[in-house]
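Quick heads-up: structures coming right below.
Look at the two complexes coming up: subunit A is in both, with subunit B in one and subunit C in the other.
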Partner chain A sequence: MLKKQSLPKVAAVAAIFVAIILWRPTVLIYGLQAAGLYASIAIPMGLVLGIVHIVNLAHGEIMMVAAYSSYMLCSWLGIDPYISLIPVAIITAIFGFIIYRLTIRQTLKAPELNQLILTFGIAISLTQLANIVFTSQTRKMSFSYVSASMDIGELSFGIYNFVFLVAAIVLAYGLKFFLHKTVAGKAALAVGQNPRGAAIVGIDVDKTYGLIFALACALVGAMGAMFITRSAVFPSVGSPFTMKSFCLIAMAGIGNIPGILGASVLLGVSENFLKAFRATRGWADIVFFVLIISVILGRSIRGKRA
Partner chain B sequence: MMLEVKKLEAGYGKLQVLRAVDLNVGRESVGLFGPNGAGKTTLINTIMGIVEARSGDIVLEGKSINKLKTHEIARAGIALVPQERELFPGMSVADNLELGAAFVPRGKAVIKKQLEMVFGLFPILKERYAQLVGTMSGGQQRMVAIGRALMAKPSLLILDEPSLGLQPSIVAEVFERLAILKKEVAILVTEQNVRESLKAIDRGYVMENGAVVLEDSATGLATNPHVISAYLGI
Partner chain C sequence: MKLKASWLAAALLAVAAIILPAFLGAYPLNVARSIMTYMALAVSWDMLLRSGQISFGIAGLFGLGSYASALAVLRAGMSPAASIVFAVLFAGLVAFGLGFAILRLRAMYFSITTLALMEIFRIIMHNLHDFSGGPEGVVLPAILFNGEAKALYWICLAGLFVTIAASVYFEKSKLHLALTAIRNDEISARTSGVNIFKYLLIAFVATSMLQGLMGAIQVQSYGFTMPDTAFDANFTLLPLAMALLGGIHSTIGPMAGAVLLGVAAEWLKLKIPYGHLVVYGLIIILVILFMPKGLYGLAKDKFKKSHDNRVKGKLS
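Then we have the complex of A and B:
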């Protein structure tokens, strides 16, 4: 419906990207890799927000729990994180389902502020629990495949982190297929759009909420297992991802899962653009605040005009 | 008996709305009339498990459904066309209709037959099959809501103010369709537009202040002085 307006925008973004490719290709390469990680963590949170209508401020912490679970499995059994991915996803799905049943479910009809305080409390509890169980020491595993690199002419860059971009694309389009093409997915979408209407046609709304929450935890759990291949694990490792995920979802608009992918590319490339210069390197971490503020301001101004 | 409501009481917080309501629906079409605020929607939502019953019983085809949840009542065979339609606005007509039948245990062949019946009743839904429901007019959305309810081949179809917000020409059309439908399914319909709906019903109840004050056949209601002065407006 915005075809006419969005064409020049798309062209402008494409032009900026081409310019960056020609001038600093690594900005784009590392930007896309970061975008993949951001998006693949944010997408499950967006799923919960779109269907259960809960802002889960413990989302990144569930990834942290998954990362520790994967770390333990891999160090005990000597397996690769990619093999631990499935058991870890099952563990976090069950963990998430229990959290949902015991806590979040009780606040579904409560004011949003109560829900935010609840999930924020869960986040802090999980972080502190990890502190007690695993101590604040960072843990890192190294894998030879992570250092895979590629040379194009003069340029040499790491390619391993593109797996996160692949994961994000698979997640975004896999979920899109699930929600729009399967009966179970359509039912979940229906619950998100109108829970009372869904109950009237025989859909078990309560069960759907629980399953979608568990599914989101399984997906971010799988990401947690992949996460330990590239980063160290420590108790507060998840919290910046909660913040960034929330901002990406807000930028994309609630319910717009492929949009999270686009917002992540914008965030990833912008951050790496600033990191490319010594003078602006320290600014990279506030990029997402600037982006979120401009998106929300832009939306409010447009809303006022309409 | 299809539906038996016995001494039903329900309300919201301190507000008691339904007072010892008794109502039966057989294999027939039954109207439920009364002024705004009489408790018609509350009664229907209590039958559907959306509002909790405080006492009394609701029996569907011999089985009490009083304690069931809304989705279980839907699966037991009651389809509701709510006053506010309660559609899935971001989904197509096709998806809305599909979901009407997806969770009620019926065979594929039945669903196919019901879809043809819905298209027969409302040909516009066939033309607009891929359109998002949220972009349709109120009248068309009402048709989607009725169609969605019929997809599950319910044993009882409940319609809450189906003519609300519709143009007079479409109101007549909706009641014409209901008159056809009552041969296939038991119907309970609430209406403020008593004159039009009398054509589509066999029997009716009048509710005032949360209690049933009158019960009669369609012709009996049409000639009742209270009904004439209060609802038929002469």
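Then we have the complex of A and C:
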């Protein structure tokens, strides 16, 4: 499958990885763990972008809503976040479907900018509502299994966060299976490729959009429930993930869901590479923004030439 | 005749704005200043929007302007007035350089890139500890006019007037035709011989300079800045909501929106100290769903309809 031109690139990337493993193994380990988290949040957004063709700037905020719902469920009922995963996914699916029906559906035919501003408004409203209801205080739950660790030789590191990498792989290939092997998935794929054509052959485009949006919300909702095992929850916890998700999707190319995994690994490892040194620690956040701009510009320049 | 009447009204409003400090105390003047700052940002955002490019990076250039001004005073020993001029030129220069790269982008790619640029500026200022003061920011040795509220009001008003004048010029000159043509249909604009890149660059550089100007005036009036206040997302969010509510693609729309939302925000801040911004989010959603043309567009449509009816009545 590899093209001839991409061989040197792949070799270079592999060489860099081997060098990092030998030199600073933790960079790779924590990089992969971070990549899992990024990818598993980005994949549902990629699904919406690929099929409904909406940049949902409220994506991270839906995860935030899920994280709060899971937090409430767990603290009231005293259950584990992993048990709350399914009820939370159902809650966010319904929530997402309502948002879709009430707002996004009305702007599907409007210019793209209206959709962008609309979802931006939804994001602000959700963050601020959380601010009013829950205040900006951070909430954290702690679980004993989070601190699980592993020793290899002299190296000791936390392994719990690998859960996110597993989740990301399951999501990526699960969705691939859904889109290519099931009837509903094939219909969704057809709608994504050509809504008008799909409508002509008898697919209910509107229903498919609603279904996919709700499905994406359910998936990111499940991620929100998993998220609280690892991090504290506060109203603006989701917003950085919206941008990161968009960046990863743009890197992978719209519609290329497994590609998001590769892009996340690149982002996660390079962020953790900078975090490994005291002098560059503060600059780790910039990696992502530099990546997003270079990817977008690179694509536009290549697009011009082609 | 109609044109003259509207110019007269504008002149009267300007005079009223100039003599306003005579009747107001320090607190209302402070509120007026923040409303004017947001108004100028809203108008400048709209100026670029008229070409169809939506920027999410208003706060980026605003913050860049305020840092350029503050650092010019602290590190280069410039006088505050000179530093404001320097900040405007600096913002313009940065926009000119960036413009060559990012004005190739369209739609969501342009928007996301402007948002990312804002974050990059913020992180740079956050991390250059020795030069920009890092997360704690910088404190200026003195505030402009020794903090005299009236003088600060007037300099802010001057910044606003420059912005409004630029916006009116954009509306009345040939630029208006070029930008509208680009917004409506870029390909047919190009085939009609409009130099798209040139006009986009003019609009981008001009709006960036105006945003830098407001940032510089802001930092010189308050005497300090830090990354989280200079690049506060509110400087993007509020102008956007104001322009949308008032009515985009006009000068008067964003101004009206700024007055309405600015006063409302001041009131809500007292009622709901945390999360009063939810109102802005909801306004953005409702305006997009129910009146995409904003208040000004709505009023214009109403006026046109009643005018048409009158003409029809005369004819029959």
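Quick notes on this one:
Here, the second predicted complex is superposed on the first by the 304 of 306 C-alpha atoms of A that agree within 3 Å, B and C clash if a C-alpha of one lies under 4 Å from a C-alpha of the other, contacts with A are read in each partner's own complex, and residues count from 1 in each chain.
Basically, contacts are C-beta pairs under 8 Å (C-beta built on N, C-alpha and C of every residue); 3 or more make two chains touch, one makes a residue touch a chain.
Here the structure is a predicted model, which is why all the values come from computation and not from measurement.
Once the complexes are laid over each other on subunit A, subunit B and subunit C both fit without any clash. Touch criterion met: A:Gly202 reaches subunit B, while subunit C stays clear of it. Angle at the C-alpha centre of subunit A formed with the centres of subunit B and subunit C, after superposition on chain A: 90°, rounded to the nearest 10. When the two complexes are overlaid on their common chain A, residue A:Ser147 makes contact with neither subunit B nor subunit C.
In the superposition on chain A, A:Ser75 contacts neither subunit B nor subunit C.
Number of subunit A residues touched is higher for C, counting subunit B against subunit C.
Contacts of A:Phe246 after superposition: subunit C is touched, whereas subunit B is not reached. Of the two partner chains, subunit C is the only one touched by A:Ile286; subunit B is not.
By the touch criterion defined above, A:Ala110 reaches subunit C but does not reach subunit B. Here's the short version: in the overlay, subunit B gets within 17 Å of subunit C at its closest Cα pair. Across the complex, subunit C meets subunit A through its residues 52, 54, 56, 101-102, 104-105, 107-109, 111-113, 115-117, 119-120, 123-124, 126-127, 237, 240-241, 244, 272, 274-278, 280-285, 288-289, 292. Residue ranges of subunit A in contact with subunit B, taken from their complex: 183, 186-187, 189-190, 193-194, 196-205, 255. Listing the residues of subunit A that touch subunit C in their complex gives 55, 103, 106-107, 110, 112-114, 116-118, 120-129, 131-132, 135-136, 243, 246-247, 250, 282-283, 285-286, 289-290, 292-293, 296-297, 300-301, 304. Of all the residues in subunit B, the ones that touch subunit A in their complex are 48, 50, 69-71, 74-75, 79-80, 82, 85-91, 95, 98-100, 102-104, 148, 152.
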